[in-house]
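What follows is chain A paired twice: with chain B in the first complex and chain C in the second.
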Partner chain A sequence: MEILQYALRKLLGGLPLIVGVTLVSFALMVYFGPDMTYLLLGKNPTPEQILEVRQQLGYDQPFLQRYLGFLREIVTLDFGVASTGEPVTALLAKTIPVSLILILPGFILGHVVGLLMALAAAYWRGRWLDKLIMAVAVTGMSISFLIVIIGFQIVLSSSDGLDLFPVRGWNSTSLGSYLTYVTVPTLATMFVALGYETRFYRSIIVEEMSRDHVRTARAFGLPESRIFFRNILKNCLIPIITRIMFSIPQVAIGGALLIESYFGIPGVGKATYEAIITGDQPVLKAVVSLTAILFVLVVVLTDILYRAVDPRVTIE
Partner chain B sequence: MAGDAAAPVLRVRDLSVEFVTEEGVIRAVDRVSFDVQPNETLGIVGESGCGKTVTGLSILRLIPMPPGRIAGGSIELNGRDLVPLPDGEIEDIRGRDISMIFQEPMTALNPVFTIGSQMADVLCRHRDLTRRQARVVAAELLAKVNIPAPASRLDDYPHQLSGGMRQRVMIAMALSCNPQLLIADEPTTALDVTTQAQVLQQISALQAEFRMAVILVTHDLGVVAETCQRAVVMYCGSIVEAGDVASLFSQPRHPYTAGLLASIPRLRAERLAELPVIPGRVPDLLNLPAGCRFADRCPRVQERCRMERPTLAGTGTGGSLVACHYPL
Partner chain C sequence: MSAVALPEIPPARARGESLWRKAARKFARDRLGMVALGVVLAYFVAAVGVWLGWWAMGWPDLTGTKWEAVSGTHWFGTNIIGQDIFDRAIYSTATAFEVGLIVALVATAIGAILGGFAGFFAGTWIDEVLVWLMGVLDAIPFYLFVAAVAYALTDNPWAMHVAMISTFWVGTGRLIRGEVIKLRGMEYVEAAHSIGVPEVVIIFRHILPNTSHILLVQASVMFVGAIKAEVILSFLGLGIKDGMSWGLMIDESTKEVLAGFYNNFLAASLLMFGLVMAFNAVADALQDALDPRKVG
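Coming up: the complex of A and B.
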């Protein structure tokens, strides 16, 4: 009950953040964004035609009114119609699930495998396994994402390589086809993420291993494995949770955009990319506001998780 | 000291501890020998960096290895040498036969587990108890160290307790398996003065009740005078003087001990203004002088001191030992 109130208060505290983010991005779109008027009109339009189109698009209304209209769209989750004639909500309902099932395996595996490798490296720190893992991590970090994607495509998907998976495209009608299409993007994202995650997790675990309370546990005869997996790991949970949670918005936007455009996958990232290119404001508005909301949700959820793992975090 | 009739709980002989660093091998503890008798408190005194803490830690093999290593000597607990024991057996001894408490009570406990859970960890490790039984024992132990409402304190986290309380929790944990020896590494340094006295009294009282020996590692000669029967003074990794506290304080034989005693501040303003200090600095452990390590700072230094390193030898009075060519 206490935690529910806390969550509610945190969510309310996130509202100004949503207002701020949407206000800034809306202002940018209005004053610096693409103007659809001339795209919709033919050559040599008359001033009356221009005025008519601007009226249709709502460009003639004062800024505040347009912004309030935007907020209303967010609250009702009705973002109007995209330039293709398709309702934005329908577009999102179609593309977001694709992005989710595309990104999730790489995201989860990247963190889980990264954490496992970091645990092994930290446990045997200074030994050959640690050095090997760190060498792999640094290699992964040093190679450009683009090179990694192309490399994996050549090795796994081309007729010069193993030719096991399709080069690009998407089909998730059956589990089998989903797996064939999702494997290469997942491996590519994992390969890049793994280096960063492993190095980060190893450093926080090793730092925790040198704490006084670890020496205390050892001085009282607790076995090394128990100290490592219980006493040390629980203390590492705060930075681990922070890392995972705050990479969610980043992965959802940046990761999806990059991967989907390289692999030609019809997810929300590709839709966003196309909306940016064509200046499709209804779609952009929807994506920007949903991202802001996602971010606030992540922050609130992170705060709640902190409380669950660290008794020093109190509800104020 | 080796001449005592009663069998010592702990007999340390020629213990040397080294750390391998990039600049070279540092010998932090150099052929240190001492005994701890049952039921007595032995002080290990010296400046920071003299090797007193490393000596305490290496008894339970708690120095990080590598870079640290026990380079020689023996540590006998009731006649059984701990140095060659495999890791598993030394783990059994830690917290059961020999317990240790540390300088910083603020960081020595794990911040994300309750006091009760951490105490139960130790109890269940060494005694055949269920978690539920361990909680009952833990509450009894907290009551023994004068923590009010002990049963409800079990569910507290370390950050909810004061420094003095945390140190008492540590003491309770240290006593939980009736150890024969308690190593207290600067247990009161991080506490304020009134709490210091309480914690020291607590240790002394419980020492009598549990009939255990105590090694008190400290830089504070006042603490030694109040709590210890015997003390060893360490300088630069080796013992320079050892003996019973009364004669050590009234008749120090080593110039270093005399210097330490003279530099205790007293609460008289005019004396404070002329507080004597030992001139110079502790020599670099990587670059030790050939002769006596205290020679550069010693007011009584002679030519021989710079050439030849003095060995620890009996002074003729009681069991006192001193490592000086020209003792006071």
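Coming up: the complex of A and C.
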């Protein structure tokens, strides 16, 4: 009950953020955005027709009124119709699941493998394994995501390489075809994430390892494994949770956009990319505002998780 | 009365080494950092040569036939329509520096000023508004923001720069805000207050200079970030509009790669990788050198 109250209060606290994001995206994409009048008109429109369409699009109304209309669309989840004639909500319902099953494996693997590599590096700090892992991490960080994608495609999918997987496209009707299509994108996302995650996790683990209470525990002769899990890893949980939670909105849009448009996968990232290129405002509006809401939810959820792992964090 | 031999006290200046001199000394001893700095300087010379018009001016010219192999006249071969890949790659180095430097410098300046104000006025409405602004900019997906800015500026060639600057400053702003909150409670700031130094002067003369080590590291991180973002944005058609860049070369090469011709792809990606890798190493070495907790 307490938690619920706390979550509600936090959600209310997130309102200014949502107002800000919608205000910025409204101003940039709609108010100062491209004039859609002539896209909706036939050839040689009469001045009356132009006026009518402008009225229909709300171009004759003042800023505030149009912004409130924009907000109403978000609250009612009614984003109108995409330029393809499909309702935006139907488009999202179709594409978001594809993006989720596409991105999740790489996201999880990137964090898990990164954490394991960081643990190994921190445990053997200063030794050759640490240096090797960190050298690999910095190298991985220095390669552009785009180059990684193309590189993996050449090596794994092209006839000059191993030719194991389809070059591009998507098919998730059966588990087998899903796995063949998801492998190359997953390896690419994992590879890119690995460098950043390993470095980040190593730095927080090393910091925890050098704390006084760890030294004391060691001096008291506690078993190394117990120190590792209870004194070090448990104290790392807060930055780890923060890292994972806050990368969710970024990965959901940023990562999927490039991967999906490159491999031609019909997820929300590709839909967004096409909307960007063609200036399809209803789709962009929906994606931006939903991402902002996702961001606020992530902030609230992260705060609740903090409380779950650290009793010192109070809900005050 | 015999003279008592007092121990000689060295003047304070000589004893206490300045942060920057100490950092320079530590940096000079960092062998990897020095090598990386040399690599970055070599790239910079290539870029300056392009700006002065010394080389790579023939990048748009058709000087050969389709997909020529590596030769004396075409060091990296030619692309699908017979342009010299080496010239295009070198010209793109200048583009990368242009984007990286402009974005890093402007975003660092904005981050320092806004972060400084937010930190100095922490607890007042000024801070709340600035923190809200940072939160809003963080919550908008980057690619969408770039697209939105490109619309609002009606395909202005600077749209990409503006979008990167308006999002990149946030990270620096947050760091500077935290540091300034720490600094504003220090005695010398209190002393400045008590003798009536105006607040703006305190911020710009007494507080922000003490965050310059953070700014330097942040600027180098943003330089790399801008170069990497440019490649992806140009590939997506949201980046460089006229001119040539590594991102446009990679975009061009995706058609060639499927046909088994890799020169264009390799030239752009290896040159970019070299610069980003070297700059990452320089940023790391800088961070180590400027970290007072690490004994040099």
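Basically, the second predicted complex is superposed on the first by the 313 of 316 C-alpha atoms of A that agree within 3 Å, B and C clash if a C-alpha of one lies under 4 Å from a C-alpha of the other, contacts with A are read in each partner's own complex, and residues count from 1 in each chain.
To be clear about the criterion, a contact is a pair of C-beta atoms (placed from the backbone, for glycine too) under 8 Å apart; a residue touches a chain by one contact, two chains touch by 3 or more.
Quantities reported herein were computed from a predicted structural model and do not represent experimental measurements.
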Quick one: on chain A, after the overlay, do chain B and chain C clash, or do they fit? Just give me the call. fit
Tell me which partner A:Leu4 touches in the superposition: chain B (first), chain C (second), both or neither. neither
Between chain B and chain C, whom does A:Thr216 touch in the aligned arrangement: first, second, both, or neither? first
Which of the two partners, first being chain B and second being chain C, lies in contact with A:Asp310: first, second, both, or neither? first
Is A:Leu257 in contact with chain B, with chain C, with both, or with neither (first, second, both, neither)? second
Give one of first, second, both or neither to describe whether A:Lys234 is in contact with chain B, with chain C, with both, or with none. first
Check the contacts made with chain A and report whether chain B or chain C touches more of its residues. C
Which angle, as a multiple of 10 degrees, do chain B and chain C span at the CA centre of chain A? 70
Now for A:Val75: first (chain B), second (chain C), both, or neither, which partner does it touch? neither
Between chain B and chain C, report the minimum C-alpha distance in the superposition, expressed in whole angstrom. 7
Which residues of chain C touch chain A in the complex? 132-133, 135-145, 147-149, 151-152, 154, 228, 231-232, 235-238, 247, 250, 253-254, 257-258, 260, 262, 265, 269, 272-273, 276-277, 280-281, 284
Once bound in the complex, which stretches of chain A touch chain B? 126, 211-213, 215-224, 231, 234-235, 237, 309-312
Residue ranges of chain A in contact with chain C within the complex: 16-17, 20-21, 24-25, 27-29, 32-34, 138-139, 141-147, 150-151, 153-154, 158-160, 167, 249-250, 253-254, 257-258, 261, 272-273, 276-277, 279, 284, 287-288, 291-292, 295-296
Residues on chain B engaged by chain A in the complex (per definition of touch): 60, 62, 66, 87, 91-96, 99-100, 102, 104, 107-114, 121-122, 125-126, 157, 159, 170, 173-174
